[in-house]
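For clarity, chains are labelled A, B, C, D, E and F in written order, and residue numbers in each chain start from 1.
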Amino acid sequence: MAIKKFAFIVEKLPYKSETSRLALTHAIASQTVEIYLEDGDNVEPVIAFIGDGVLNMLKGQKALDIYGVTSLEMHIKNALLLDLRVLVCKEDLDRYGLTEDDIVMDAEEIGGELTTEVVPYEKIHQEMESADHLMFF
Amino acid sequence: MAKLTIGCFSSLVGSMTLDFAVKLAEAAVKKGHEVDLWLSGNATMLGKTRQSNFRDYSYLAGTVEELIKTGKFQVTICEACGKARGIDKEDVFEGVKIHSMDWYLASAFSADRVFHIGGE
Amino acid sequence: MKLVVFVNEYKEPPILDRLKAEKFGIVFVQNGVYHTTLKKDGNSSPLLSKDAELYALSEDLESRGLSADKVDPKVKVINYEGLVDLIFNDYEKIIWL
Amino acid sequence: MAKLTIGCFSSLVGSMTLDFAVKLAEAAVKKGHEVDLWLSGNATMLGKTRQSNFRDYSYLAGTVEELIKTGKFQVTICEACGKARGIDKEDVFEGVKIHSMDWYLASAFSADRVFHIGGE
Amino acid sequence: MAIKKFAFIVEKLPYKSETSRLALTHAIASQTVEIYLEDGDNVEPVIAFIGDGVLNMLKGQKALDIYGVTSLEMHIKNALLLDLRVLVCKEDLDRYGLTEDDIVMDAEEIGGELTTEVVPYEKIHQEMESADHLMFF
Amino acid sequence: MKLVVFVNEYKEPPILDRLKAEKFGIVFVQNGVYHTTLKKDGNSSPLLSKDAELYALSEDLESRGLSADKVDPKVKVINYEGLVDLIFNDYEKIIWL
């Protein structure tokens, strides 16, 4: 019986490549990983956005209307809805002059209860330290 | 002997990243380790049947087939990433598995080391 | 020559400073559009100071949640339709960096 | 009315570059221009049959099929790049042509504008 | 009857992606383009390496032995063998402290007669100006 | 933590300066190997001054025509076999930048 913590760290910009999208969809896949594991074993995911990666969190992304592809905004709301922890680096938001008003902070409209945690980089470093495995996107 | 899970999200031909992942897997298997290779995104193309071995392009299918025969190596492509590209069980060569993304997490769960190559 | 260059990433392409033309344009597309709206540490992107006509693709701004009213006034916002006209009417050669 | 030749060398899903090329082609055809689209490298995947239309991935095959019907649009994949990836005439959907690299140069020869997207 | 000049400009590093390789193979395809053209029409290619792209020209590349894939060195020799003009930016070689001794200058060993032209950037700019079409890799 | 970071491009990864660990290694692979042999405008890559164990993959040096004797003496040249041992014996976590 073990719970293993996986840290999904997103540093890349959205859309140019699939990288950040696959970070979210793989983190969300932790919801169903139990079918492959022994009783009592499970994966505990945490998602953190750092560097340019914080721009994945911007509100009002119209990728679905324009390019027919789910926006990162929608993926992040899905993650919150499913009670995945989503962290964003405060120093990096500051660098771009962005505040909590500019980014996805909750998934209330679809019934989510968890909110985004805006945290100092040090906190994200601690998550990387305490994680069993790192997946850096 | 230990277990290494490699996740590769980069494209088959055109990025030497998948060459790196396969060479690393080969070296680990030769040393007696067990290797799981998860192919997501464009890397799912590695499973495609009938890849031609041209000198002007990377050709990895042959090495992968040899590795599968050792019994120490599993290669699995991401089901959704594959289908989005028109690659499903009809399109992959023998020994290549297809699973949803949770398979990668389960493989990582029991791995001693996870080498995640997140894509460009 | 009439040359238009496409900047598709949010970094400074190393070769851009060397390119020159009598008529010179820069179109920001894909992640290049961040250059036109974001300030990093309070500074606008140095690419906005180039001696060139500057354009940004509206579809790529909107996909990323960047509203056209935040685009630097030096930059003209165009859509794919405008881009087709630009290519055929205003420039002869195209470089995708 | 004029002719635009677009060469795209980037990967199908996973890089929005091919989305850009197809949207540009669509806008040009709507304005009455003629467009040739050359797909080299990983972009050859755009011709693959049976791509699934999932919301989490780009899906361009449908737009390409519509464009082919206009008669103003040709799409050709690079023969060697395709074969290296296991993609040949059995694997491409109707209307997608396959030629060697000289086809691209010939298309560019008679084009009013060449938009070459050289890859990452 | 027309000859159109295509400038293949290579700025990317080798191997990470196929970019520079496809530049060479497409430039070489000019040898057979006539089959698609009218009598007397033809394409005249010129290949130029600038910026980090000059590193494609290094001698002694062992990509074929190690990764089973043709080296850029071999592609460049093929181009010279087929009498394609290959230009390299002198300022960029200087930046890396490279000289003609470090790069592919000829294809003598396989019977080529043409040699690489090490030229100032200004000359490459002129080739871009006089070209009918630019293909920038 | 024991962290090893893979640098696969010939530029400075923006996030590298923030990463820290009790035992910290950097492996130069793919186009990252240019950092270990080339000088630009006479200067070695700033990555060679990081407080970390430095390694370069011999196969990627040789593919590119870079001979091992030109590698900066601070950098240890290893092959794929050595890389496997490094991953299992010397480090616990891996980041591909």
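Keep in mind that, in the parts below, a contact is a pair of C-beta atoms (placed from the backbone, for glycine too) under 8 Å apart; a residue touches a chain by one contact, two chains touch by 3 or more.
Since the model is a prediction, treat every value here as computed from it, not as a measurement.
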item	value
Graph distance between chain D and chain F, where chains that touch are linked	2
Chain B to chain D, fewest steps along touching chains	1
Distance-maximising chain from chain B - centres being C-alpha averages	C
Pair of chains joined by more contacts [C-beta pairs], B-F or A-B	A-B
Chain whose mean Cα position lies farthest from chain D	F
CA centroid of chain C to CA centroid of chain D, Å	24
Where chain A and chain C are represented by their mean Cα positions, the distance between them in whole Å	30
Intercentroid distance (Cα basis), chain C paired with chain B, Å	38
Where chain B touches two or more other chains, by residue	13-14, 16, 23, 41-42, 56-59, 80-81, 114, 116, 118-120
Chain C, residues touching no fewer than two other chains	8, 30, 59, 94, 96
Residue numbers of chain E (touch at least two other chains)	15-18, 25, 52, 67, 133-134, 136
Pairwise chain contacts, counting only pairs that touch as defined	A-B, A-C, A-D, A-F, B-D, B-E, B-F, C-D, C-E, D-E, E-F
Residues of chain A defined as touching chain D within the complex	15-18, 21, 25, 64, 67-70, 75
Footprint of chain D on chain E - complex, ascending	4, 6, 12, 17-19, 22-23, 25-26, 29-33, 35-37, 41, 43, 133-137
Residue ranges of chain D touching chain A (in the complex, touch as defined)	13-17, 19, 23, 55-59
Interfacial residue positions of chain B with respect to chain D in the complex	11-14, 41-42, 45, 48-52, 54, 56-59, 61, 80-81, 83-88, 91, 119-120
Residue numbers on chain B that touch chain A, as the complex places them	7, 9, 40-42, 80-81, 100-106, 108-109, 111, 114, 116, 118-120
